[in-house]
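When the chains are written out, they are named A, B, C, D, E, F and G in that same order, and each has its own residue count from 1.
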Amino acid sequence: MDKKEISYTAAIKEIETILGKIENQELDVDELAGKLRRVTELIKTCKSKLHSAESEVDKILKEIGD
Amino acid sequence: MENSSSVSLLELNSQIKSCLHKGFMAPVWVRAEINQYNEHYSGHCYIELIEKGANTDSIQASVRATIWASAFRRIKAHFETSTGQCLSEGIKVLVRAHVDYHEVYGISLNIREIDPNYTLGDLARKRLETMRKLEATGIMDMNKELPFPVVPQRIAIISSLSAAGYEDFTNQMQQNKNKIHYYLKLFPATMQGSSVPLSIMAALDKVAEHERLFDVVVVIRGGGSKTDLSHFDDFDLAYYIAQFPLPVITGIGHEKDDPVIDYVAHTRCKTPTAVASYLLEFGIEFESELDWLNEKISSESKSLLVVEKQRLKDLSEGINASTKLYMEQAESLLREDLLQTEAATKQYLQQLNFSLNRLGDSLTLGSYQFLNRSQSYQEKMLYMVESAMQRRFEKENNRLQVLSKDAQFANPDNILKKGYSVSYYKGKAIKDPSEIDIGETIETRVYKGSFKSRLLE
Amino acid sequence: MDKKEISYTAAIKEIETILGKIENQELDVDELAGKLRRVTELIKTCKSKLHSAESEVDKILKEIGD
Amino acid sequence: MDKKEISYTAAIKEIETILGKIENQELDVDELAGKLRRVTELIKTCKSKLHSAESEVDKILKEIGD
Amino acid sequence: MDKKEISYTAAIKEIETILGKIENQELDVDELAGKLRRVTELIKTCKSKLHSAESEVDKILKEIGD
Amino acid sequence: MDKKEISYTAAIKEIETILGKIENQELDVDELAGKLRRVTELIKTCKSKLHSAESEVDKILKEIGD
Amino acid sequence: MDKKEISYTAAIKEIETILGKIENQELDVDELAGKLRRVTELIKTCKSKLHSAESEVDKILKEIGD
């Protein structure tokens, strides 16, 4: 799945799912690193979304302020 | 026989006389009523005394009596001055008398004295009785209750031309100062003697025939002795007057007299003159009332006009002032409305501006808060994933360690160490010696190595 | 004239009624003059009755005696 | 209404009613002039009535006085 | 509505109704100016009515005063 | 929707709805900027309405004042 | 079976099965040594998997940290 295509909310949901599985020991040790990589990817995506949202918000709010 | 057993009339009368004289030596006091009364020209007075039953008029006792001329003048004068009453038929008397008996004329009382006090008491009692009787009829106030005219101008007079006071009365009425015209009409009646009641009643009858022509009736008679006036105590007369359809005004006798008819009359005056004054007063009063009303109506009419004038003036001024006030108020209301609208509009706009600004602020704050919360959630998730993994690794490490120990514990070398050994034959641990033939070689393992041996038995 | 025709009592009553209305301002100004005239007439009538002899009455009274 | 036909009392009452309305601000401004005109008419009527009553009363009283 | 046709009282009532709405902020901003214009028109109408009434009233009152 | 066509009241209502969602974290981060942009547009619309109302009001009041 | 091909979870399961049998003395002395050998091998495999997972996770986390 392209990281651009997953929504922020879906990403957060996936991270929560993975966290659940880790906590419930539903994951094989072999898979752990892979899942972590997925999580970091998702977070990266989220961060980027957040940053872009932030900068846009800044821009918009600046416009209002004017 | 006849002579011895009978007496002659003279003898009998003589015996009666002697008995009576013995029995009535002293004079006696006798109460009786005079039934017949006769003053003889000779100066003697002959009387018949009677006693009537308590409640009847039937004669229960009677006796002749005489007052000799020698005593009569004294007795009569004393009696009449004391009682104001003539010795006459119908009056009750207390007499002091000798019982006389004359063989020819029979029994008679020789009156020596008459007590005027007894008769006086009797007159008063009689008068009282009449009053009580009248009272009992319930008509005492009937004449008083008749409406009295405003001005008693048509007056029926019951009197006699010769009666004292009549002329005074008519003069007074006709020559009154106020020049009020009175219509006087005399209805003659006897005003003296025992025929008074009947005569007056007859005169009243005549008045009654022309009732509508008159306002009032006056009964007048000036002066007179007690006895003269006692005829005005008559029950029937009083009874008649009480029920007479016109107001009756009495003026009988002197100042101190008060005959019974005074009590039933509409108004009692002391004397005929007093009646005239009384009647005149109404005219005088009425005239002055008319004058007063005339003045009053004039002044009230004038003041009504003054009041109305003022009212009109007040109304004009009121209209003027309140119209001006009305206009001012209307104007100021408009001004106020405009000012209020202006203020409210500006305030409204300000409020809207403020709200919009606040919305903008809320938006900024909300947006950044939103972003911050998202970011911190994200960080929290990463941290939680990290620590969950850490925990997992720790757990797996532990598990592997435990498993390693368990495995080590299961190693057979540990048993061999304690001196146990395992022998093998053809690579298999020997559990049953019979499986091995004698002379065969077996290998035995001990802790520090192994050795081979041959089976001897 | 019959004495019942306009009695003093009736005259006084009428005068007082009118006077009462004037005093209580119940009288219309329009009526005032008329009422005043009525009152003065009544007073005049009463006075004349009071002072002058009515020959008719005198005649009747004279006849009674006969 | 013809001013000759209204009674003095009725005229006064009408004036007072109108005055009351003005005082209580119950009149429409549009009506005011009309009502005022009515009031002036009524006042004029009343004054004339009052004058005629006055002269008549004077006459009557003078007659009595004589 | 033609300003000549609305009565003074009705005009005042309408002004007060609008004022009430402004005070209670019941009006949309879009309507505000329009309503205000209505109010000013009404006030102008009222003033004109008042002035015309005033001159007439003055004239009449002068007559009463005389 | 054309900004000229939305009423001031409706605009304010929409702004408040969006603000509520932002405050309750009910929006996807992805949507935030978009919604915010909508809000700023609405606010701009409102301000413009307000300004035009204000200037019109001023004009009207000035006219009355004269 | 190549040791690379068995999963960590499966390895753990096999270890535990063998150790269970030993404890219950279900194994012959002849088999024992063999099985023990298997266990030590499996444990080694697991340890190695664990270590590599750990080091990979560390590496990833370090990457994120940067």
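Note that a residue touches a chain if its C-beta (ideal position, glycine included) is under 8 Å from a C-beta of that chain, and two chains touch if they have at least 3 such contacts.
All of these numbers come straight from a predicted model, not from anything done at the bench.
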item	value
Count of contact steps on the shortest path from subunit B to subunit F	1
Maximum centroid distance from subunit G, chain identifier (CA atoms)	C
A-G or B-D - the one linked by more C-beta pairs in contact	B-D
Chain at maximum distance from subunit A, centres defined as averaged CA atoms	C
Same-site or different-site touching of subunit D by its copy subunit E, using the half cut	different
Centre-of-Cα separation between subunit F and subunit E, whole angstrom	33
Between subunit B and subunit E, centroid-to-centroid distance (C-alpha), Å	62
Computed distance of Cα centres, subunit D from subunit A, in Å	97
Set of subunit F residues in contact with two or more other chains	8, 29, 32, 36, 43, 46, 50, 53, 57, 61, 64
Residues of subunit B touching at least two other chains	294, 301, 305, 308, 316, 319, 323, 330, 338, 345, 349, 352, 360, 363, 367, 371, 374, 382, 389, 396
Pairs of chains, among all present, that meet the touch criterion	A-B, A-F, A-G, B-C, B-D, B-E, B-F, B-G, C-D, D-E, E-F
Touching residues (chain side subunit A, partner subunit B) in the complex	8, 12, 15-16, 18-19, 22-23, 25, 27, 29, 32, 36, 39-40, 43, 46-47, 50, 53-54, 57, 61, 64
In the complex with subunit E, residue positions of subunit D that touch it	28-30, 32-33, 36-37, 39-40, 43
Footprint of subunit C on subunit B - complex, ascending	149-151, 153-154, 179-181, 183, 185, 206, 210, 212-213, 215, 283, 286-287, 289-290, 293-294, 296-297, 300-301, 304-305, 307-308
Subunit E contact footprint on subunit B (complex, rising order)	316, 319-320, 323-324, 327, 330-331, 333-334, 337-338, 340-341, 344-345, 348-349, 351-352
Subunit C-facing residues of subunit D, complex	7-9, 46, 49-50, 52-53, 56-57, 60-61, 63-64
